[in-house]
Each structure stands twice: as structure tokens, then as C-alpha cells.
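Each of the two complexes below includes chain A, the first together with chain B, the second together with chain C.
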Partner chain A sequence: MGRYAIRRLLQLVPVVLGTTFIINYMVWQLPGDPFAGRCGQRPCPDAYVTAMREQFGLDQPLLVQYGNFLKNLVTGNLGVDFNSVSVASLLGDAWPITIRLALMAVIFEAVIGIGAGVLSGLKRGGFIDNVVTISTLFLLSLPIFVTGYLLQWLLGVQLGIITPTVTDEATVPELIVPALVLASLNMAFTARLTRTSIVENLRSDYVRTAVAKGLSNRRVVAIHLLRNSLIPVLTFLGTEVGSLMSGAIITEGIFNIHGIGGLLWRAILDQDYTVVVPVATLLVLVYLLANLLVDLLYGVLDPRIRYE
Partner chain B sequence: MSDPTATQDLIKGADEPAASPVAVRNGQRGLWSDTWDILKRRKIFWISLVMLIVFLLMAAFPSLFTHKDPEYATLAKSMELPSADAWFGYDLQGRDVYARAVYGARTSIIVGVLATLATVILGGLTGVLAAYFGRWLDAVISRVGEMFLGLPYVLGAIIILGTVAPAQSNPGKATIMAVVIIVLALLGWPILMRIARSAVIQAKHQDYVQAARALGAGPLRIIFKHLLPNSLAPILVYSTITIGSYIGAEATLSLLGIGLRSPVISWGIAIADHASYIRTAPHAMFFPAGFLSLCVLTFVMLGEAVRDALDPKLR
Partner chain C sequence: MTEVLSEQMGSGSHAGALLEVDNLHVEFRTRAGVAKAVNGVTYSVDAGETLAVLGESGSGKSVTAQTIMGILDMPPGKIAGGEIRFRGVDLLKLPEDQRRKIRGEGISMVFQDALSALNPVFPVGWQIAEMFRMHRGTSRGEAKKKAIELMDRVRIPAAKERVNDFPHQFSGGMRQRIMIAMAIALDPEILIADEPTTALDVTVQAQIMGLLAELQRDSNMGLILITHDLGVVADVADKIAVMYGGRIVENAPVYDLYKNPAHPYSKGLLESIPRVDHKGHELYAIKGLPPNLLEMPTGCAFHPRCPYRRDNCVTDAPPLYTISGTRGSACHYWREVIDDGEH
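Our next item is the complex of A and B:
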């Protein structure tokens, strides 16, 4: 287990380097002037561009720039944006809100998704099963922003149950509907995954043995069936925590939530690459670490899996 | 939006077919005739096929569905609600919402299909090469794939599109469509690479491949004659569903202002243009959103029907 963890960590190194390099290269090196439009209506004076290029190290060779970026990242120096506001403080304001939103979304996915999946898997072909199959099909075909605008319009504008946009504090009750929207797609996946897993395990020998032993239905389902069926579901939920954070860009945009997604989104609109690069890098790191953690947890949850 | 990285779980999260396994009949039967036998009994297949034909007709001959000009604007009618004259009402510029929704089908379907095609070619080719030649080539391709998978989908697309075609810029119609297609394929190929790779690795050690090699067939012949046709089923299933999620992804990018943009007519742009008028003119946004969702639904349903029929585990 320890050796496997170390090997996985080592494997992660080239991926992290590669991904961060792609981000850096894309943002700074591709055609297009990163300082265009920074001086209002008129083109920027050469002196300003030269000074800026020097300040952000763009006059150095590509690999030196990338080395500096890595050094800053490791020492926790995220730099300042074009307005000289520290990126770390921007992140500090936005992080808690996005984490709250993503956690709520995962809870919704787990509770509603697993609940629906278990109910439909246990009674295959029954009424609930059909309802779940059809409703997940529709959820899968609704792009997240369609669900978002629909709920915002229906609940916020027409019925007045929620306020259409979220305030700066982003309290838990305010985030319920955005979290549901963020969770909607994965909720459908979770339900389907749970259902398949339950259906597969219902046919397995250990369930038949448990029933033959004369255990109560409740015990068979709760202790034997559920525990085994939920392993792939938990893996899925775990890997999705990382991607939920970046998936929040759209949800945060629709409901005007001032989280990481909103921060990244505004930075891209303003072409403030000094914010884009560190924020995107952090999101990628979270995503990769979440995947690693899930991989390692897999062995803990399912002792049948042995790492050589 | 539909997240293609999640779609791979769709393949695993399989639905059992409602119809019982096909009765064994005499005579030779291949995978495809078996598949067709199962498919033609499934209601969901026929429903999605009819919807697909309607959408394809709409994309090819939009004038069959409406006689109105999608570009013709009457500002006096701006944001007018649906009426007998215009069933879906008028948009911000006073253009017919229905006509624009009909004409929007073409862009969305072209982007979805071409991006999927590019993904299949790129991912399929790299996957087959990695699996067939193995060793360092496999290692390199797999690692590069992981790097691209490490970029979450929306984030990756935003970074690439945000720099290649920033929100303020105004690239030409063909250029921006090509860029969006390339970006979708660039971020989507690793999943297909993995599917193709594992299919080929499984097939590589089968007797018929060994036999072909013993008969002196070169790598090209083995790959194209033997390995590819036998790896086609999982690729086909994944790509059908992917068309749907790419159509959703294109709309999402257009909504963010970095995908397609006016004067291209597309569902995503229509939704983006009217998102801030949701209180006064919800119809201008929800009708294109409905077309978009139905189109995605079509491909998702079709993909599920094909998967149920092709998956040998469920037979």
C-alpha cells in the first residue's frame, strides 16, 4: 500500500508538470497580445508593454519562465494580478464559497442519486425503476446551464421561492438551488451507476447465500448488498469532487456566486492572465489529487483489491 | 453541460435491454445482424431514429420547416411574446425565434458530428498504435493522454479558447467553428484512446490475429483488416453519445462567449444573447434551449439503444 502510494505519487509528477506546462504555454505563448486592451481605447505605449513584459517575465525564454512559475508555485507565491491585487487574497475570498457549493452538490448527488439508484435497482422493471430511468435520461440530456436558467426562472422569477441571484455571503440556504443544478448531471450518473451495481450484485453468490441463511431482507440489503454495490459509486463521487470545482464556473456564472468559477470567468473576460494561470493550476491540482486520493481509498474500501 | 469524461461511465452504467435475448436461429449470424435484430424491437431506438431524421432534415433543409428568414429583423417586434403569427415569438432584435431555432440545428449538428469524427480519428489512431506497438510508444501516448485528461473539460476549453479566440475578438464563421471543433477533439481524444487501446489489447492476442501474423500480414493490414473492425463496437457506442454531449458543450462554450458567436446562428448563441432578458422574454431563450436539449436527448437515446444491443455482457 505504501509503495503503491509512492508509485502513484511519482506517476503524478509528469502529469502535473505536463498539465501546468500546457496551461502556461497556452495562456502566455499563443498568438495574441496579453496586454492588448489594457490601456482603454487606445493601443498601449511601447514603454508600458516593455515594462509589463519585464514585470511578468515574458522577456525571458519559455523554459526559464516555466521554471520561475514552478518555483513560485512551490513557495506559495501566486503573484499579483494586473491591478496589483494579490492573487492569494482573491483566492482566499473565493475558495470557501466554491468548496461549500461543491460539498453541497456532492451531498445531493450522494443522497438523491444513491437513493434513486437503490430503489430502482431493487425492484427492476417496476414503476420506480421506469421513473428513474426516464428522468435520468432527461437529466443527462439537459445541459447544466439549461437546468440552471430554467430553475432560476421558474423558482426565482415566476414563483418567487428563491432569490434569482446569490448574495455575497452565499449562505447555505441560498446555495441549495445552485448546488442542485451543479449536481444534476452527476446525480443522474450516480443513480444509474448505483442501479447497475445493485442489479449485478443481486445475482451474486454471496447475496444468494445470505438469503439462504435466512437473514432478513433488510439485513441482506443493508449489510451485504449495499456495502459492496456502493464501492464503484463512491469512486465516481470522489473523482467528481475535483471536476465539480471547475464545473462550478457555469453555475456560479448563472447565479452570480462569487466563487472560484466566477473569479476565473471574470479573469478570462478581462483577459487577466495573471489570475487565470494560478487559479487554473490550482483547480487542476485539486482535480488530480482528488483522483489520487480516490485511487488509494479504493484499496481501503475494498480489501479484495491488492496493490502489488 | 454534458461532461464527456462522465459519459464513459454511461457505458458501464448499462441498462439491461427490455427485450429478451434473441432466439438462436440457424445460419450464420454476425455481430451486426444480431444487433439489428435487437435494435428493431426496441421502442427507444425507433423514437430516437425518428427524432434524428427530423433534426438531420432540419440541418440539411431548414426551409422545409419554416418559410421565414432567420436574419430578417423587425426591431418594432423586439421580444414580442409568442402569437399565432410567430409561434415562438420574436427575439431581442425582432427576429423570428422559431426560424432561428430551425436554422440553428445545422451549426450545432455540424460541430457535434465533426468534433466527434476528429475525436474518433485522433483517439482511435493513437489508441490502436499504443496498443499494437506497446512499449515506449504506449507509455508516451498514455502519459500525454493523462495530461489532457488532467485538464477538466470546461476549464481546458476556456483556457484554450480564451487565448486563441478571446471573448472580444471577432474571428470569421468558418475559423471559429474549426477552432471549437479542434478544442473539443483535443480535450476529448484521451477517453477514446483508452477505449480503442483496451479493445485492441484484448483483440491482439486472439487466435485470428496470431493467424494473420503467421500468414505474414504486416502491421497495417492487421490493424485495418482485423483489429479495427473488431474494436468498432465500443467506439461506435461512445461516439454516438459523444455527439450529444459535444452539441451541449458547443452551446456551453457559446454561452460563455468564447465559442461560436454572431453572425453564426446557433442555439448556444441564442441562449447566450437572451440570458439577461430572462425576466421579460423567457421564450427567446427557452425555445432554443428546448431544441438543444431535444437534440442532445436524441443522440443520448440512440447511443443507449445501440449500446444495449451491442454489449455482449447483457446478451
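Our next item is the complex of A and C:
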């Protein structure tokens, strides 16, 4: 297990190098000069553009730039954006908000998704099963921005139950609806996956054995059935943490949440690549680590999987 | 002489047998129609007695066992009639919570494929210990100790070291021993073994049968041994019930049946065992296919495959004729079958 973890960790190194190189290369290749349009109505003087290019190292060859990026990444120096604001402080403000939003979304996915899936799987063809099947289909067929704007309009504007946008503090109660929106697709999929898994395992021999052992119905379901049925579900939830991060960009835009997504969105519009690159790198790292964690967790959940 | 055995069968079974299955009917509602899996099965087992239930796939032997345990999938299964009396009480009329207490404590079951019947994500010792913890409220530590003792009793080498291993880390024979340990944990009065050796190597089969027989002797259990393999039962069983098409077609003390079967189907089964002294001869096989449960043949269910068939076999279903106090055969021409003598 330990050796496996180290090997997997080492495998991440070339992946991180490759992805960050592509990110660096692509953003500087995009059309338009980021400095040419920074002087209001007038074109910027050549001297300013040259000075800025020099300051951010854009005059140097790509590989040198990438080398500098890596050096800064390792030393933890993320530099400043084009307005001379420290990127580290931008991230420090935005990161906790996105983490809060994503964590809430994962909790909703797990609690509501698994709960609905178990209930509908245990009573296949029953009322709850029909409700779950129809509502998950509904959620799955709506893009996340439609769900977002719809809830914002209905709950925020028409009914006034929530404020349509989130304040700078982004408190937990304010984030409930955005987190539900962010979670909606994965929640629906989790419910369906759980249902399928429960239905499949309900017919399995070891569940029959558990009944034959004279265990209570509750114990058969909660211990024997659930433990096995949740293996694929937890794997799914883990690998989808990465997609939550990209979903957060849309959700944060709709509800005006000042998290990583909002930061990245504005930076792309401003062509402020000094922000885009570290944020994108951070998202890559989160995604890779989440996947690694899932792979390691899988061995704990299912003893038949052995690493070495 | 040719009376109908109405209730009990076999030796030593009278009104007070420990477990009595009485005229049990079980059906399966499928899209294609109603499949009558069990049609009036009657048998009984007493403490210390071994009943072998013999029959091919679809003969209803496993469904009967599942109905006794109360683990039949309902729906599609449906109990259409009959009684299952354990210590004189009809299990089918008991509320679920009382039935649950009998599972494991009173009647216990060993399944065919231990790999899929054991839970893959829990250690084997934990699964055995669960019996004590849930039925007796034993503490975790104490239950684990008892689990190790049981693993020793079913002769799993190095039980103490292996108690935390998972089912997939054991060989087939060892896994079946763990199933058995789990089933006998609470000293049940009846043990049902549903094809316990079918998935195992021949050498291991003998060991497992020996273990079952030994455990049964030690604790005076009633053992119901379900199998399709005549070779397996000869040494172990006291009496045999042969099932065909959801009915018992012959029951007899084990020696009588081997020596001189009284039903053409039992005779066919015996003749299809390969024998060294018949080397070079063609291996006998019962002609035709098992009956379709959705469309049972009229009259005797075995008539399409029967070498003794007469016209009335097609129209009249034979009752279970009494041959002697402990023998019965559901064949109109059982005398002829017996007179044909030893196969």
C-alpha cells in the first residue's frame, strides 16, 4: 500500500509537468496583446508595452519562461498580477470560498444522492422510485446554468426566499442554493448509480446469507448491502471533485460568488495570464490529488483490490 | 398394501418429528405463466438424522429449502399451500421477527458457492462473530474468540492468524468450512446444506462431507443434505427423498434405495453413475429433458422419459404408494421396478 502510494505520487510528476507546460504555452499563444489595451481610450505607448513585457518576462523564450514558472511554483512565489496585486493574496481570498462551496456540494451529492438512490433501489417500482427516476432525469437533462438561473429567478427574484446574489463573506446559509445548483448533476447521477448498485446487490448471494443468518432487516441493508453498494458510488463522487471545480466557474458566475471560478473568469476576460496560469495549475493539482485519493480509498473499501 | 402416504415419511418420523414439511406448494409467477416449482412436498427430519434430498436442477429441492429458511424471493415466489412445522409450530404462520430468531439459532443453512455467499468486504472472523453479536449480544472481543474456536473446530489451519483475512484469500474448501462454521455457530437443531460440495474438487468434497457428518454426530443436529450427486450421499445419509418436477417420487432408507430402487427415475439416476465394472459399456443416461415447470406433463410428470410407461401414466398422476413403513414410491408400477431387481 505504502509503496503503491509513492509510485502513484511519482507518476503525478510527469503529468503535472505536461499539463502546466501546455497551460503556459496556450495562454501566451492566445491572440491579442494583454498590455496593448490597458491604457483606456488611447493605444498604450510602445515604451509601456515593452517595459511590461520585460517585467513579466514575455520577451524571453518560452522554455525560459516555463523554467521561471516552475521555479516560482516550487518556491511558492506566485508573483503579482498586471495590477501589481499579489496573486497569492488573490488566491488566499478566493480559495476558501470555493472550498466551502465545493464541500457543501459534495455533502449534498452524498447525502441526498445516496439517500434517494437507496430508498428507490430498495422499493423498486414504488412511489419513491418513480419520483426519484423522474426528478433525476429532469436534473440530468438541464445544463447547470439553466438550473442556476431558474432557481435564482424563482427563489431569489419571485419568491424572495434567498438573496439572488451572494455577499463577499459567502456564508454557509447563503451558499446552500448555489451548492445545490453546483451539485445537481452529480447528485442526480449519484442517485441513479446508487439505485442500480442497490438493486444489483439486493439479489446477491451474500445478502441472502445475511438474511439466513437471522440478522434484522435494518442490519442486512445498512451493513451488508450498503457497504458493498457504495463502492462504485464513492469512487464516482471522488473522481467528480475535479468536475465540481470547473462547474464552480459557472455557478460562481451566476450567483456572483468571489471564489476561484470568479477569479479565473475575470482573469481570462482581462487576459491577465499571471492569474490564469496559477489558478489553472491549482485546479489541475486538485483534480490529480482527488483521483489519487480515490484510488487509494478504493483499496480500503474493497479488500479484493490489492496494491503491489 | 398400496396406501397413500398422507403425511410423514421415512424412518423414525411420527407426529413429533423436529422439522416437518407438509404438503408444501410453491409457485413462481413469471411473465410466461405460473411455474409450479414445488407440488405437495412432504418430508421430515429428526434430531441426529440425515435426510438427503436428491434431484436434478429445477426439481424443487432448493426452493423447498429456501422456503424452510424463509429466504425465498417473494415475489416472484409464492407459497401456495402447506405447512412447515418446526418443533410442532408452523413457521409459515409466524410473524417475521419470530422467524428471524429461528434462522441461525434453530435452523441454519450452508450454501453452494461460498465465495459469493460470504460477504466480500468483511473479514471471515467478523462474519462468524456477527452471529454471536447479533443473536446473543456477545461483546466484539468475546465473539471474535468464539469465531476462532469455531474456525479451529472446522479445522482451518492457523485460525488465529487467519481470522482477519477476507473470503477471497481462502481456497474453495476453506471457504466452505467458514460457511459451515458460521452456520453451526449457534448450535442449530437443523442444518440445511444446499449442494455444499458441488463447487469443490472431489478430494475436498469428501473432506467437507466428512466434516458435516462429524459435526452432526457431535451435536445431534438434524441434517438436510440437498444434492444432485448420488455418490455424495451414500455414506452420510440415513434416508433419501428423490424429487422430480417439484414432487417426491421416492423416499426410502438409504440402503434400500441403493440396493433396489422403487421408482424408474431413482433407478435411472443409479444407473447413470459410472462404474468400474461396466468399463467399456456405454454410460447410461436418462433420456429426454427435465420437465418444463410452466407446462407440466399430464399424469405422472416423469412419463415422457419413463421406460415403464403405460397408458394410464399419461392420464393418472400416481400418489405416493406405501411400499413398507419407511418406503414410498410415486409410480403405478413400482412392483415391476423393484422386481427388476438390482441394477
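Keep this in mind: the second predicted complex is superposed on the first by the 305 of 308 C-alpha atoms of A that agree within 3 Å, B and C clash if a C-alpha of one lies under 4 Å from a C-alpha of the other, contacts with A are read in each partner's own complex, and residues count from 1 in each chain.
Operating definition for what follows: a contact is a pair of C-beta atoms (placed from the backbone, for glycine too) under 8 Å apart; a residue touches a chain by one contact, two chains touch by 3 or more.
Remember, predicted model here, so these are calculated numbers, not experimental data.
Superposition model on chain A: chain B and chain C are shown accommodated side by side without a clash. Of the two partner chains, neither chain B nor chain C is touched by A:68.
By the document's definition of touching, neither partner reaches A:256: not chain B, not chain C. Of the two partner chains placed by superposition, A:77 touches none, neither chain B nor chain C.
Looking at the shared chain after the overlay, A:227 reaches chain C, while chain B stays out of its contact range.
Looking at the shared chain after the overlay, A:60 reaches neither chain B nor chain C. In the superposed model, the vertex angle chain B-chain A-chain C (Cα centres) comes to 80 degrees (nearest 10). Applying the stated contact rule after C-alpha superposition, one finds that A:135 touches neither chain B nor chain C.
Of the two partner chains placed by the overlay, only chain B lies in contact with A:145; chain C stays clear of it. Chain A has more of its residues touched by B than by the other of chain B and chain C.
In the superposition on chain A, contact of A:26 is made with chain B only, not with chain C.
Nearest C-alpha atoms belonging to chain B and chain C sit 8 Å apart in the superposition, given in whole angstrom.
In the superposition on the C-alpha atoms of chain A, no part of chain A is touched by chain B in one complex and by chain C in the other.
Listing the residues of chain A that touch chain B in their complex gives 14-16, 18-19, 22-23, 26-27, 30-32, 37, 124, 133, 137-138, 140-146, 149-150, 152-153, 157, 185-186, 189, 192-193, 195-196, 199, 232, 236, 240, 242-243, 245-247, 249-250, 253-254, 264-265, 268-269, 271, 273, 276, 280, 283-284, 287-288. For chain A in complex with chain C, the residues that touch the partner chain are 203-206, 208-216, 219, 224, 227-228, 231, 301-304.
Interface of chain C with chain A (complex): residues 69-71, 73, 100-105, 108-109, 111, 113, 116-122, 130-131, 134-135, 166, 168, 182.
Against chain A, the residues of chain B that register as touching in their complex are 1-3, 5-6, 9-10, 12-16, 143-144, 146-148, 150-155, 158-160, 162-164, 166-169, 244, 248, 251-252, 255-258, 271, 275, 278-279, 282, 285-286, 289, 292-294, 296-297, 300-301, 304.
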